[in-house]
Structure formats: structure tokens, C-alpha cells
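These are the structures, in C-alpha cells.
The two complexes that follow have subunit A in common; it is paired with subunit B in the first and with subunit C in the second.
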Partner chain A sequence: MRVARWLVAIAILLILPPLLPSFLVVVMTEIAIVALFATAFNLLMGFGGMVSFGHAAYFALGAYAAAILVKQAAWPMLLGLAAAPFAAAAGALFFGFFIVRLTHTYFAMLSLAFAQIVFTVVFKWKALTGGDDGLLNVWPPAWLKSPLAYCYFTLVVVGLAMLALHAIVDSPFGYALRAIRENPRRARFIGVNVRRHQLQAFVLSGFFSGLAGGLFAFFNGSVFPDFAYLNKSFEPLVVALLGGVQSFFGPLAGAVGFKILETYIARQWPIYWPLFLGAAVVFVVVALPQGFVGLLQRRAWRTRTAR
Partner chain B sequence: MADPDGSLVLQVVGLRKHFGGVQAVNGVDLAVAEGELRAIIGPNGAGKTTLFNLISGDLAYDSGQIYFRGEEINGLPPPELCRRGLARTFQITSIFRRLSTLENVQTALLTHHRRHHNLFRPARRLYRDEAMVLLDRVGLVDQAPKPSGILPHGDQRRLELALALASEPQLLMLDEPTAGMAPRERHEIMALAAGIATDARLTIVFTEHDMDVVFAVARRITVLHQGAVLAEGTPLEVRGHPEVQRVYLGQRRGTAR
Partner chain C sequence: MDFVTSLFPWITNGPLIVVQVMSGLSVAMFLFLVSVGMSLIFGVTRIVNLAHGSFYMVGAYLMVTLAEMLPDHPLAFWLALLVAPLGVGLLGGVIEVTLLRRIYHREPLLQLILTFGLILVIGTLVLLVWGPDNKSVARPEALAGSVKILGQPFPSYYLLVLALAPIVAVGLWVIFYRTRWGMLIRAATVDREMLGALGVDVATLYTQVFVFGSLLAGFGGALSAPTVAVALGMDGDVLTTAFVVVVIGGLGSFAGSFVSALLVGELQSFGILVFPAVSIVLLFAIMAVVLIVRPWGLLGHPEE
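Moving on, here comes the complex of A and B:
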């Protein structure tokens, strides 16, 4: 039954893209990338109880690593993309070493501070990053250049990454991570080295955020310093909140909702988009603290118990 | 300074800890032999919980020594002490509330067997049977699939006991295991802990406010008063101790039989 449901989902994803108008193929690709970024972020927030306000740092490190290697060092695109998560994980290891020493607000603020440092370095180091002008013409090779080909490519990469993240959440590592979220003190007394475990989660989250960044670099064809800016850091937070941080697929649902709303509302009334987004976040936080997925689960539970 | 005595599971020598101007633990000596069921009693503020926190590595102390199975454990963090065989529970129930009862114990077992860094194996199936055995021992088999946070208080205390037992400890420290329980339940859980201790040949040190419970199960009792040991001995000796009667038992004649 569960396998059948998965096969249907995969079949739909495979059949759908050629049937969509080309601009929706582009939207779908972006949804997949945002979903990966938000799911990686939610490994920390939903499962580890650590709220980062600076995850754009790892997205940007991945995007810039891929772009710089392809543009400045003439690496092939696939190698550049493969390097992206490792560059981001290295950054996450270094920054995370300091960040996981703190908790709650201080954790959030220090993660934000490090992201601002990444932003400043990217902005100022013109020779390597192009500064404010960014790096342009970061395109994939000819066989991936069409939106449809890149959409399929992204779906496969994101699908595999989501599978890995799902396995991590359900693994012994994930159980211990949830135990830390619930009760760090008790976790210490059952033998978990809490700081070390949190740092490992931080690095894993950075790794997959960097992969999302790398995918986005070739999707966008260029990279800019805003990839490391505050707005980008809040994107996975908003997406995860919309979809629900308590469930693994919440951020995925949030990404679908967020991007579809953005596509239709931001294009129609660009100046009202932030107002609308703000109102949507307030509504979700107040009325649906478990997000959309939480709402669905609650309804499913009700129908099951009603029977 | 005394040499560590290898036959003792726990030996505390001249332990001191102050918070600001308050000397919470003021030169405590304690020696607990293998297989003992030791109660530590004393009025509120006597330093029982602080002593527990110092021994279990939760707090750093000012001076003194702690030996666990003959080895000095100064400054070792809780995860390391847990690996060496020291487990504890807390006065305020400390469990993983949004995990199921079964997942709580599974997580403790995974950690004890040092499997908690594994990233790709589904944890659901690991140590399931072992976890059910532990839950059976504390009487929670029926509650296994429920989120532990919704269990009745007494069951949560039992779960915490199972979490502590999952690490197969040699020394189990229970900080007021019956806090907040109904009188009948109190005797049940202490009898349960005592039974497990005998079966697994582990040593238990516990604090307790209910004198009925203390005198029913403890074989030796240490009385703390103002951060220092006031008396120590068998329940009979402690009950007959004039100082103890004056500072402690005398005030609670109602609960002391």
C-alpha cells in the first residue's frame, strides 16, 4: 500500500513536466530546490530543536563553490555540483563548532552573524566572487540546458537527497537527535554527547543546504551575494513553518504552497507580496501551529477514529 | 585523603559545593558498598539533590573527591559516567515527552550500545525486543506505542526508571523516585526498583521524603543536614539517633512510624 503510493507519486512527477507549460516546469524545478533547502533546514529545526537564522550561509557556500569551480577553475558542471555540498559542510563544521555551544535565541543570533560574515566576504571579495555583480553564465552543459532536462535532473538529485534525509531522520542518529530536542539533559544522562551530536546534525544540514545551493546556481545561471542574505535565511524558516515543522514532509508541502502563491501573487501584485506572505505566516503560526501537513494529519486521524 | 577502596561502588571524600554564600554541600563523606540499597534523607535544603548532581557529573564541585568503582571521576561529563555504569533519574520527571514510550527506551538502548551515530539504518527495528523486555520489567508494555508525554505521572516515573536501566548501570541513583505519586504507588515503585536491584545485582542510592518508603526498603540510611552528614546507619540506628530525631524525624512525627 505504502509502496504503491510512492510509485504513484514518482509516476506523476515523471509524467507531469512535459505536460506543463514551460514556465511551470521552471516553477516546479525551483519548488524542488526550495523543498530540499527547507527539509535540510528542518533537520535542525523540526528534529533537532535548533532554529538557525543563517542557513543562507550554507546555501550560498554551495552555490558559490559550484559557480567558482565551474567558472574560475573550469571544472565540469557535475563535479562542481558535487563539490557544492562538501564546501557547505566544511563551512557548517567551522561555524557550527561555535554555534552549537549556544542555545535558543543565542543559537539563532550567532548563526545569523556567521551568515552575515559569509555575505560580507562574498560581497567584498570581487576577484573570486564578482562582488555585487555576482558570477554570470553559470549554465549546465548542453544536455541539461533545456528547462525540461534540468527539471528532471533536479527532481532526481533532490529525490535522492530527500531519501537520504528521510533515512537520517529515522536512523539511530535521528532518534538521538530527537531525544536531544525533547530533553538535552536526559539525553546526556543516557550517554549522548549532546554538543557533538548537534554539530553532526548541523554539518549534515549544511551539506544538503549546499546541495540545494549548487542546484540553484545552475538553475539560475548566475550567483549573487543575496544568496547569503537574511531574506534567503528566512525562506526555509517560512517554508517549514507553512508546511509544518513536526513532520518530515512539512517543508516539502510548504515549498509547494509557498512557490505557487509566490508565482501567482507576487507576479500579479509584486508590492503586496511581502504583506501577503507576512499575513500567511501569522495565520499559520496562530491557527495551524502544525502547518498544513499537521492539519491534514489531524483530519486523517479524525476520520480514522470516527470509523 | 583516603585511598579509594576498590570494594566500594561509590566513595565520596570531603565533597564541597557552594552557591554564592550558601554552602550547599559542606564536606560530605559517603561510602556505598556493592549491592547496597542506600537512602539519603534530610530536610528540604539539606543538599540531597546537589549531592546527586555533583556525583552524577551534572555540576562541578569546589573540592573533594568522588571515586566510582575505585576510579576517580572528577570532572567527567554525564555521557562518560553513563558509559562507565552510573545512571540516574531526576526529581522532576525527565523523559523524552514527544517520543513514544517504546522510542524512549529504544533511544537509550541505541546510545548504550553506541549505535547512535548510525545514519542509514531504520532505528524502528533496532533493540525493539530488548526495549519491550525493559518495559515489561517496569510494567509499561501496554503503553509502548503511546507518546510518553501523555502517560499518567506514575507511568512516566516508571519510564524514567527504564531509561536509567537501559544503560545496564552498576550504580543507579534515584532522586526522589516517588515524588508526586499516591502513597500506594510509592511503595510499588520502590519495591519494583528494589526488586530490579536485587535481580541485576546493582547498587541503588536514592533520596526520599516519604519516611514510610525509606524505612520499608533501605538497608542503610544516610542523614544529611545543612550540607553535611549528620548520621549514618541501619534504619534502626538512624531512627534511634537523638540528633536525627531532633532535626528531622521529630518535625515529621506524622509521617515517621
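Moving on, here comes the complex of A and C:
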């Protein structure tokens, strides 16, 4: 039954793109990338109870690593893309080493501070990153250049990455992470090395965020310092919150809703988009702490127990 | 010594150092005004108000509007400097009563996310009200020029900032340590539940503290408006620097904010001389060191 459901989902994803108008193929590609970014982020927030306010740093490290290797070092695209998650993971290891020593507020704010550093470095290091102008013409090779081909490529890469993330969440490591989220002191008593688990989660989360960044660089055809800015750090947070942080697929659902909204609202009224985002976050926090998926789940659970 | 002078050519230039120290002190004043409010709000309500930089920005923008609206009179500037912070205090009060009050009992993470969301909301509203272009505020006529200090030019507006700094610091000290309200605030920092059990209306105290903290940020923004380009990115810049100050000093510590603002102000002032491009990175590096050695800050207390 479960397997059947999965096969149906995969079949739909494979059949759907050619049937969609080309503009929606592009939106679908972007949804997949955002879903990966938000799911990687949620490994920390939902399962580890650690909120990073600077995840754009790892997204940007991935995007810039891929773009720089392809543009400045003339690497082939696939190699550049493969390097992206490792560059981001290296950054996450370095910053994470300091960040996981802290809890809650301090954790969130130090991650924000490091993202600000990444942004500043990217912005100022003109020779390598192009500074404010970014790096342009970072396109995939001819066989991936059509939106449809890149959409399939992204779906496959994101699908594999999501499988890996799901396996991580479902592993003993994932359960140790949940234990740490619920009660770090108790987790330590039963022999879990809290800090090491947190750092591993941080690096893994950075790894997949970097992969999302690399995919986005070739999707976008260019990279800009904005990728490391506050607004970008908001994105996975909002997406995960909207979708629900308690479930693995919450961020995926959130990404679909978020991108559809963005496609319509941000195109029509670009100025109001951040206002909408911020207001959505405030609303979800005050009124719907479980996210929309959480709301549906709770309703489903209630009807089931009522029977 | 030759090596040192070749590396830092200004080190033998006494007057330049004096002027640099003074401009560092005025930077410290702005930093202190934001961070003490942020620290105060955290101490009492346990909420880190990420929108504090946004309040600072709103203070500066209100100054722009008031400077345009008020008639051309020598006293107009001072009136604006008084009214702009009150406007920000009002904004803070509205936010506390309508939003923050609902989430005091919830997880700290949700509180952070909420104030994070407010950054976007306030930022966009400022864009809609004041537009995307940078604004500037004229300095009052008496303070528009510069004075010579040991032969070095020094903007006289900064003298005002330097003169206000001790007044603000002493004023806050008197409020915190010599009034009943200040005593309640300090008591709330130590044990809020006990304070409530003793019959103090804690909810009202929270609102007052939030308004007061916002007001200080607004004052910082208004006072800084004539010294900078009033621009949309101010909120993020101010937030990150104020955060560095608060973390180095210790969240919730009044003296910590003061000492750390001085330290960071001077560091910024001299950092520009020594490492122009990376002074901000240096700042964060110092914060990282403090966080590793003393995560609760120089003068703060460990979280229980």
C-alpha cells in the first residue's frame, strides 16, 4: 500500500512535466530546489530543535562553489555541482563547531552572525565572487539546457537527496537527534554525545543546503551575494513553518504552497512579497504553531479517534 | 618599533589617535542605546527582540519626516529628537500588546521566529511609507561644521553625541538603581514568577519595559540620523552590531552593554584604520571567541 502510493507519486512526477506549460516547468524545478533546502533546514529545526537564522550561508557556499569552479576554474558542470555540497559542508563544519556550543537564542543569533560574515566576504571579494555584480552565465551544458531536461535532472537529484535525508531521519542517529530536541540533559545521561550529534546534524544540513544552492546556481544561470542574505535565510524557515516542522514532508508541502503563492504574489506585487512573508510568519507563530500540515494532521487524528 | 610603525603608520600620530578614540566613543553611544534596550527587554521578558534594529531604523526615518514637517526653527531639530523616539516607543507598545503578549509562555524558538518575521514586516512598511531612496537629515545649524581638536578636524555634531552619552548612562543608572520601577525591573530579571506572586502586575511591567527599550532604540536611530545615510539596510546592520555588543557584554546586563559598547565602538573606529575591509569580520571573530570562552558574555550570568 505504502509502496504503491510512492510509485504513484513518482509516476506523476515523471509524467507531469512535459504536460505542463513551460513556465510551470520552471516553477516546478524551483519548488524541488526549495523543498530540498527547507527539508535540509528542517533536519535541524524539526528534528534537532535547533533554529538556524543563517542557513543562506550554506546555500550560498554551495551556489558560489559550483559557479566559481565552473566559471573561474573551467570545471565541467557535474563536477562543479558535486563539489557544491562538500564546500557547504566544510563551511558548516567550521561555523557549526562554534554554533553548536550554544543553545536556543545564542545558537540562532550566532548562525545569523556567521551568515552575515559569508555575505560580507562574498560582497567584498570582487576578484573571486564578482562582488555586487555576481557571477553570470553559469549555465548547464547543452544536454541539460532546456527547462524540461533541467527539471528532470533536478527532480532526480532532489529525489535522491530526499531519500538520503529520510534515511537519516529514520536512522538511530535521527532518533538520537529527536531525543536531544526533547531533553538534551536526559539524552546525555543515556550516553548520547549531544554536541557531536548536533554538529553532525549541522554539517549534514549544510551539505544538503549546499546541494540545493548548487542546483539553484545552474537553474538561475547566475549567482549573487543576495543568496547569503537575511531574506534567503528566511526562506527555509518560512517554508518549513508553513508546511509544519514536525513531519518530514511538511517542508515539501510548504515549498509547494510557498512557491505557488510567490509565483502569483511576487510577480504581481513584488514590493509586498516580504510583507506577506513576514506577516505569514507572525500569523503562523501566533495562530498555527503546528503549520498547515500540522493542522490537517490534527484534524485527521481527531476524526480517527472520534470514530 | 620600526616594524610597528611601518605596519601602523598612525601609531606615532597622537592627535589622530585622540580623534579616533573620540569618534569611537560616539559610535559606542549609538551602540549602547540600541543594545541596552535589547538587553533590558531580554532580561525582563526573556525575548530577544530581533526587530530592535528595525526600531532604530524607524527612529531615523521618523526623524527624516519630522525634519521635513516641522517649520524651519532652531528648536525644531530638538523637538524632532524628542518626538521621534516617542513614536518608536508607541510602535513598540502596539507590538507588545497585540503580538508578543500572546507568546510569552511559548518556546523561545517561536518567540525568535516571530520577532524575525517582524523585521520583514517593518522593513517593507518603511519601504512603502518612505520609498526606496536614501534620505538624509540636516544637522542643526550650530553643530553643522567641525572643530579642530589638536589640529585634527572633528565634526561638532559628534560633540553633542559625546556630551549626551554620560547623561544617558547616568540617567539609566539612576532609573535602574535608584527608582522603584528600576528595582522592579531588576527583580523581574532575577525571578519573574516570584515578582508576580508578590503582587506586582508583571504584564504591565513587560509592556512598560518593551516600550522603554523601543524608545531607547528609537532615540539612538533619531540621534544617528544626521550622521548617516538613512537607508533601508539599516535594520540588519544595526541588529547584527547590536547583537555583537549584547553577546560580548552579556544578555540582560546593563553594565555589560555599557562596557561592551565602548569596546566595540573603539574597535570599529580603529578597525577601519587597520583592516578597512575586514573590520566587521574581526568583530564577529571576537564575538565568537567570547562565546566559546564565556557563552554568557563578559558581565552576564550563565543561563540556568
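Here is the rule we use: the second predicted complex is superposed on the first by the 305 of 307 C-alpha atoms of A that agree within 3 Å, B and C clash if a C-alpha of one lies under 4 Å from a C-alpha of the other, contacts with A are read in each partner's own complex, and residues count from 1 in each chain.
We adopt the following convention: contacts are C-beta pairs under 8 Å (C-beta built on N, C-alpha and C of every residue); 3 or more make two chains touch, one makes a residue touch a chain.
Here the structure is a predicted model, which is why all the values come from computation and not from measurement.
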Let me test your reading of the model: by the given contact rule, A:Phe189 touches which partner, first (subunit B), second (subunit C), both or neither?
first
Dominant contact partner of subunit A by residue count, subunit C or subunit B:
C
After lining up the shared chain so the two structures overlap, which partner does A:Asp170 touch, if you call subunit B first and subunit C second: first, second, both or neither?
first
On the A-aligned overlay, A:Ala279 touches which partner chain: subunit B = first, subunit C = second, or both, or neither?
second
Given the touch rule stated above, what does A:Pro270 touch, subunit B (first), subunit C (second), both, or neither?
neither
Given the touch rule stated above, what does A:Gln200 touch, subunit B (first), subunit C (second), both, or neither?
first
If we overlay the two complexes on their shared chain A, which of subunit B and subunit C does A:Ala179 touch? Say first, second, both or neither.
first
One more residue to check, A:Pro21. First (subunit B), second (subunit C), both or neither?
neither
Note which residues of subunit A are touching subunit C in the complex, please.
45, 49, 51, 53, 98, 101-106, 108-110, 112-114, 116-117, 120-121, 124, 230-231, 234, 237, 241, 271-272, 274-275, 277-282, 285-286, 289
Applying the document's contact rule, which stretches of subunit C touch subunit A when the two form their complex?
48, 99, 102-103, 106, 108-110, 112-114, 116-125, 127-128, 236, 240, 243-244, 247, 251, 277, 280-281, 284, 287-288, 291-292, 295, 303
Subunit A touches which residues of subunit B in the complex?
56, 58, 77-79, 82-83, 87-88, 90, 94-99, 103-104, 106-108, 110-112, 115-124, 126, 163-164, 166-167
Under the touch definition given earlier, write down the residues of subunit A that touch subunit B in their complex.
164, 167-168, 170-176, 178-179, 181-183, 185-194, 197, 200, 204
